[in-house]
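Every chain is named by a letter (A, B, C and D) in the order it is written, and numbering of its residues begins at 1.
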Amino acid sequence: MPLGRKLRYGMVGGGPGAFIGAVHRRAAALDGEMELTAGAFSSDPDNSRRMGAALFLDPRRVYGSYAEMAEREAALPAGERIDFVSIVTPNHLHFSVAKAFIEAGFHVVCDKPMTTTLEDAEALCRLVKARDVVFALTHNYTGYPMVKQARAMVREGVLGTVRKVIVEYPQGWLARPIEREGQKQAAWRTDPKLAGAGALGDIGTHAENLARYVTGLEMEALCAEVTTFVEGRAVDDDVSMLIRYVGGARGILHASQICVGEENGLNLRVHGTEGSLRWFQEKPNVLYHRTADGPERILKRGNAYLAPIALHNTRLPPGHPEAFFEAFANVYRNAGRAIAARLAGAEPHPFDRDFPTAADGAVGVHFIRTALESGRRRAWVDARYTPPA
Amino acid sequence: MPLGRKLRYGMVGGGPGAFIGAVHRRAAALDGEMELTAGAFSSDPDNSRRMGAALFLDPRRVYGSYAEMAEREAALPAGERIDFVSIVTPNHLHFSVAKAFIEAGFHVVCDKPMTTTLEDAEALCRLVKARDVVFALTHNYTGYPMVKQARAMVREGVLGTVRKVIVEYPQGWLARPIEREGQKQAAWRTDPKLAGAGALGDIGTHAENLARYVTGLEMEALCAEVTTFVEGRAVDDDVSMLIRYVGGARGILHASQICVGEENGLNLRVHGTEGSLRWFQEKPNVLYHRTADGPERILKRGNAYLAPIALHNTRLPPGHPEAFFEAFANVYRNAGRAIAARLAGAEPHPFDRDFPTAADGAVGVHFIRTALESGRRRAWVDARYTPPA
Amino acid sequence: MPLGRKLRYGMVGGGPGAFIGAVHRRAAALDGEMELTAGAFSSDPDNSRRMGAALFLDPRRVYGSYAEMAEREAALPAGERIDFVSIVTPNHLHFSVAKAFIEAGFHVVCDKPMTTTLEDAEALCRLVKARDVVFALTHNYTGYPMVKQARAMVREGVLGTVRKVIVEYPQGWLARPIEREGQKQAAWRTDPKLAGAGALGDIGTHAENLARYVTGLEMEALCAEVTTFVEGRAVDDDVSMLIRYVGGARGILHASQICVGEENGLNLRVHGTEGSLRWFQEKPNVLYHRTADGPERILKRGNAYLAPIALHNTRLPPGHPEAFFEAFANVYRNAGRAIAARLAGAEPHPFDRDFPTAADGAVGVHFIRTALESGRRRAWVDARYTPPA
Amino acid sequence: MPLGRKLRYGMVGGGPGAFIGAVHRRAAALDGEMELTAGAFSSDPDNSRRMGAALFLDPRRVYGSYAEMAEREAALPAGERIDFVSIVTPNHLHFSVAKAFIEAGFHVVCDKPMTTTLEDAEALCRLVKARDVVFALTHNYTGYPMVKQARAMVREGVLGTVRKVIVEYPQGWLARPIEREGQKQAAWRTDPKLAGAGALGDIGTHAENLARYVTGLEMEALCAEVTTFVEGRAVDDDVSMLIRYVGGARGILHASQICVGEENGLNLRVHGTEGSLRWFQEKPNVLYHRTADGPERILKRGNAYLAPIALHNTRLPPGHPEAFFEAFANVYRNAGRAIAARLAGAEPHPFDRDFPTAADGAVGVHFIRTALESGRRRAWVDARYTPPA
C-alpha cells in the first residue's frame, strides 16, 4: 500500500434494516485496508445517528444528509477527511449522491444499477472523466476468482471463438407480492420510482455484466420478453431474451424473480469452437471446463494452475471455500488500491484496475432500456452501444 | 399379458453400423414380452441379410426391402406373422414405411421426428385413425420414470399454475464438420434430404415433447433464432427460442449440437406459482422439487412416495439406477401392451396408453416448421396448432 | 459369436415375487445373445409352473426341482438342452445347485455370495476346475464400464503406488425390523440359515470384490467391528473395518443396512502416490480422477479417451446413461461369450474372460469368515488367503 | 454490544508468511466489532515490527516477544489496553503464551490443537477456571451455520437415536515430502517438536470436534491405524479408526494428508434410527437430511425454516454463499460478545456461549494421545475421558 495508512471511507445509505449496506461494510473491512469513518446512513437523521452509534463511529462524522456529508467532509483537513464514498442507497439516488461527492472531490464506490436513466448514466461517465476520480460499480459477481479465471481463459483463446453464451439469473423470492406484505427489500426494489426497473435492473444487469466481463462480447441486437407475473406489480419480474453479439455469437439471457425455490442462481455457460466453461454463483469455487476430446476438468479456486489474476483475487488455499463476501471484497480491495495509488500519485498495478467502472454502468443502463423497448415492441431491436469515453 | 405369448415384431432399418436400431432392439428385448422375428435392415439386401444372420433370425424372415417385408409378412398365417413393425430408418423414409405397414394391417413403432413434412405427418395421423392401428413414436425421454413423476405432479397441481418453462437440449458432437470426415451418424443427420432439419428436428423435437408432456402446455407464439455455426453445413446446428404458451406462461427452448463438451444434456425446469421442478436426462433417477417455504426435495426413482405411474414404469428398487435403455423400453413395453390388448380384443390399461402418438408426431413436425419460419423472418410467429384428430 | 446361435440357459430360483431373478433375466436378454429356455423357479412346483407360463416357456422345460431339471436337461439332445444354468436362489442353496449342474456337465452363472461356508466354496472351486466348466459369479458392480476404467488406470500405473483404499456400501432399508413385517427380501436375507451372514455377506462382499477388482490388492490383516443394531435380528446389519493390504496400503471398508436414507450407496475411493480415483454406484457413468497438480477430471462413459475394456463394456454413446442392468448384462455377456467359445472349441477373447470366478467367490466367503472372527475377538486378525487354484 | 465500543485485541504469531494469522485477522474484522490493536507477530522482533507496520498498527503496540506484550499491555490503562489475545503460533507455544496472558488478566482466543501434551491441556483448563477468563479455541468448522443446524436437529431428536457416525478429513497436500522442499507450512506441521502430532493433531482433532459438537456423543473405545506414508516424515500423515461411543453408537474417523487431490474434504455423516444427515465442508451452505420414508431434503443456509442458532450465525440471505471466513468469524464474534459481556459485567446471551472451550481442547489432546496409543498397540483401547471441570 503506497499510502502507509488505511483508507477512510464514508457511506451513504445502509441504515437500520438495509441489506446491502452491511454487505459493503463487511466487504470493505475484510482486508484491513480501509475503515469506515463517516456516514449519512439514512434520510432520517435519527436513523442515521443510531446507525453511526451502532457502528462505533465518531458522532461528529455521522450526518443527517448526503449533501451535508459531502460538504462537511470536503471541509475537513486532508489527514482526516474520507478518501472515498460508498453509495448504497436505492437506485434513484445513486446519480445525485455520486455527483455531489465527485464534485466535492471524492472517489466513489457505487452500488448497481448505476442510475435509473441513460442520460444520468452518461452524465456520470462524463463527470468521472472530467474530475478524474476513481469510480467503481459493485457488480460484485465479477469479483469471484473463478469468474476472473474464466475471463482469462477466454482471453487466452482456450475456448477458441465463442459461439454461444447462456447466462441466467433465476431467483424466487418475489414469486408472491411480498412488497405488499411489508418486506422492505421487496418494496423498494419493485417501486419503479426507486428502482427504475424490476428484475431487469436488479439482477439482469448482473447477468449482462457477467457475460460481458467473461467473454468480452458486445451486443448487436436483442429480442426480449419482459413479463410481470405477479398481479399488481409495477415492474417486471421476469425477462428472457435472445441476443446476437457483434461477430456472430448467439446468446440467451434469462433473469427472473418468480422462479420459486431458486435462491440466487446466477450462472454462465460459454461455448466456443474449442471448449466450454460453466460457472455457478452458488458454487463459486469451481469452474467447469470441457473440450471436445478429453475429460471434463473441474478447476478449483486457489490452485497454482490458475491464472495469476484468479490467484491474486483469492485469500485462502484450495478447499477452504471463499464466497460472496470475498468476491465483493475484491471490488473494494481493487478499487481501494486504485484510489490509494491515485492519492499517492502512483500508477495502480494492472490487477488494481480490475473493477467495474462508470462505463460498465452506462452499458448496463442502456441494456435495461433496450430490453424494455424490445419487450414493448415484441421485436428484435438494435442493441449496439458505446458509452461516453 | 392377455395374449399368452410374446409379441412378434419386425424392424425396418437398423443395419450394420446404425446406432438407433440396436437401441430399439435392446429396448424391445428388456422385458421379455416381444421378440424380433423379421427385418428389412438395409436398402442393400446383402447388408440386410448379414444383419439378420448376426441377429440369429430365420433367413426367410429377412427381406431385401421394406415393401417386400410388408407384403410377405402380411401374407403369413396369423400365428406366424409379425404383430408390429419398428421403423428406425433415416427420417425421410418414416412416412412411406409407416404407410406401407399400416396399410398392410400392422401396428407401428416409429422413430422421431415422425416425418419430414407437415403434410406427411397429417396424412399419417389420418391413416392411423382410419386403420385404427396403434402407432407409437419413440420420444424415449418421456419414458423416464421421473419425467412421468414430474408430469403427475404438475397435473396434481403441486406446482400451482405454471409460469415459466425452460427446456434445453445441448450436445456438442457436431461442433466440428464431422459429417465431412466420414462419421455416418453425422452424415445423414446433417443431410436435409434425409433428416429434414438439423438440431431442431433431431433434438429440438425431443425438447418440445418433453416440455409438453410434463406441463401439458400448448404453444401460442414463438420467436426463434436458428443458426448454422459450422461453415458449409446444410442444416441448422443451434436453435434458441422464446415461447408464449396459451394461458400466459413463458418459455425458453434451447437445442444445440455445437456446445463443445455437452454430451446429451436434455434438461427441463418448470416453475409454477407454488413450486418448481428440475430434471436432467444425464441424472435421470432424480427429480428436484422446490417450494417457496421448505427445503429442496430430491425425489428418487423407485420409492414408494412416488406417483403410481412413475412406479409402474420402473423395474429396480431405489439406488439401483435405471437409465436410457429402460426409459426407451417403457415406450416399447407400454405400446406393446396396447398392441397386445388390441390383438386380444381387450381394452389396454390406462398406463399402457402412456406413449407418444402420431398426434405428438404432427405437433413436433409443426413445431419444426414454425421455428424455421420464425428464424427466417426474425420475428415472433403464431405457433398454435391442433393435429388431425 | 462362434456358435451361430443364441445360447440357451435355464434358471434355478427367481420365482414369483423374487427380486434378483428378474434382474438376471433382463440382464441376460439385453444383448440378444442368449435366451431363457428352461427353469426350476421355485421349490413349489406350482409356483415354478406359474412362473414358466408367465415367461412364455415351453411347459415341458419347466421343472419342479433343480435336481429334476439338471437330470432331464442333461438327457436332452445337444441341440435342445440348455448351455448353462443361472442360479438365483437364496445363498444356502447355491452350492448344491451348482454342484448338481456342474456334475451334469453345465456351465454356471451364480449369484453371490457363492456359498455359506468356506468349505463349500473351496469344494466348488475344485469342482469347477475338475470339470473344466465356465463359472461366473454375479458380482455385478464390477461390470460397470467406469469400474473397468478405474481398474485399467490402476494397472497402467496412473495412480502410482496405491496407499489408501476406502470402500463403502451403505444402505438403509433394514434400519427397522422389516423382516418381521412380512418383507420377503428382508426375511431371507436376515435369516442366518438362508443367507449365511447379514450385511457382510449381502453387500460387504460386493465392496470387497469392488476394491480388489480395481486395485488388485490382497488383504493381509483386518480389524472389524460387526454390529447388529436392530434388536432381535439374527445377523449383522452393520460392519466397519480397518484393513492392511499386502505391500503396506491401508484400507477402510464400511457396509451397512441401517443407514437411513441411503439407497444403494456403494462407492470406492483409491488414493495412490500420483493420483486418486472416486466412483459412486449411484452415478455410475462418471469416474473422478485427481492428481496433485492439475484440475480434477471427470471421465465419462462412452468417450474415446477411455480404456479399450471400458469401451468394450458399453453400449451407448456419451451422455446416454447406462446403469444397473447394463452392468449386470456385462457379466452375462462376457461369461456367455466365454461359454460360447468353449462350446465352439475356441479360445475366448481376453475381454470375454472379464467376469468374477469361483476363486473370487472363495475369497469373498473367506472375507466374511475373517471379518466375523475379528469382530468376535475385537482384534486385528490375519486375513491372508489363497483360494484353491 | 453492551460495551459501546469495539473490542481491542492483540495477536501472538501470524507474522510474514504465516497462513492462519491472516485468517484470524480477517475473521475478527468481518463484523466490525473488534480491532487489532497490538501484536507480537514473530519471535524475530524485526519481523514483528514489519508485520505491525503492514497492518498499520501503532508501533508502540508492536512487541518483540509475547512475554513483553503480556507485561506491557497489562500495564496500560483500562481504556487502552487490549481486551483479549489471539494466539496463532505453532502448537508447541500455545500453552505458555496462553498461560502468560491469562495470568496477566486477559481473555484468550487460541488456535488448535490447544497444547501438545495432555498435562498442559489440563493445566490450562484449571487456569482458565481459576482466573475465570473467556477462552475460545478456534475449531472453526463448528462455526458453520449448517453445522449448527445439524447439531440442533440431533438435539431435537429429528434423527432419533444416533447409531452410526462417519467423519472424514481427507487432504492431499502432504502426499509428497514438501516439508523438505522449503514449504514453511509443511515444515512446522510435520515437526513433532512444533506440532506435537501430524494429521491427527492438525486435522484429526477438527474431525473429532465436529462429530462431537453435532452428535454430543462421547467416545468409549477406539481402535486406530496411525500411519506415516511419506518416508522420512517424523509424524503421522494418515489415520483411520473405529470408534465405540458411550451408549452403543459406532463410528469411523478418517483423517489423512496423503489423499492426492483432496483439498480440505472434512465431512460428516450421522445416521440415526429416524434419519440421517450429511455435511461437507467444501459445500458448507447445504445440509442433506434423509428419512426412511420421504424424499431427501436439502436444507440451505439462510432460510427461515432453519433453527434459530443457525440463522443467528449467518449474515447473508439464501443463495448468497458464505464460507470459511464467515464460519471462522462466528467463533470470534461469539467469543467476542462473551468477552464484551464479561467486561460489561453482564451475562452473555446463550448464543454467545457457542464456541469451543478449553475443555474441548483437552478432549482433543486426549483424543490424540489415545489414538497414538491404539495405533502403537494395534488394539482397541479405552477412550473415555472427562476434562477438568
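By our rule, contacts are C-beta pairs under 8 Å (C-beta built on N, C-alpha and C of every residue); 3 or more make two chains touch, one makes a residue touch a chain.
What you see is a predicted model; the values in this text were computed from it and never measured.
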Chain hops separating subunit D from subunit B, counting only touching neighbours: 1
Name the chain whose C-alpha centroid is farthest from the C-alpha centroid of subunit B. D
Averaging over Cα atoms per chain, report the distance between subunit B and subunit C in Å. 34
Based only on mean CA positions, could you tell me how far subunit C sits from subunit D in angstrom? 44
By residue number and range, which residues of subunit B touch two or more other chains? 262, 296, 300
Residues of subunit C that touch subunit D when the two form their complex: 163-164, 166, 170, 172, 175-176, 223, 225, 227, 229, 238, 240-242, 244, 250, 252, 254, 256, 258-262, 269, 271-276, 290-292, 296, 378-380
Can you check the complex and tell me which residues of subunit A touch subunit D? 4-6, 19, 22-23, 25-26, 29-32, 36, 55-56, 171, 173, 262-265, 281-285, 300, 302, 315-326
What residues on subunit D touch subunit B, complex-wise? 289, 293-300, 303-305
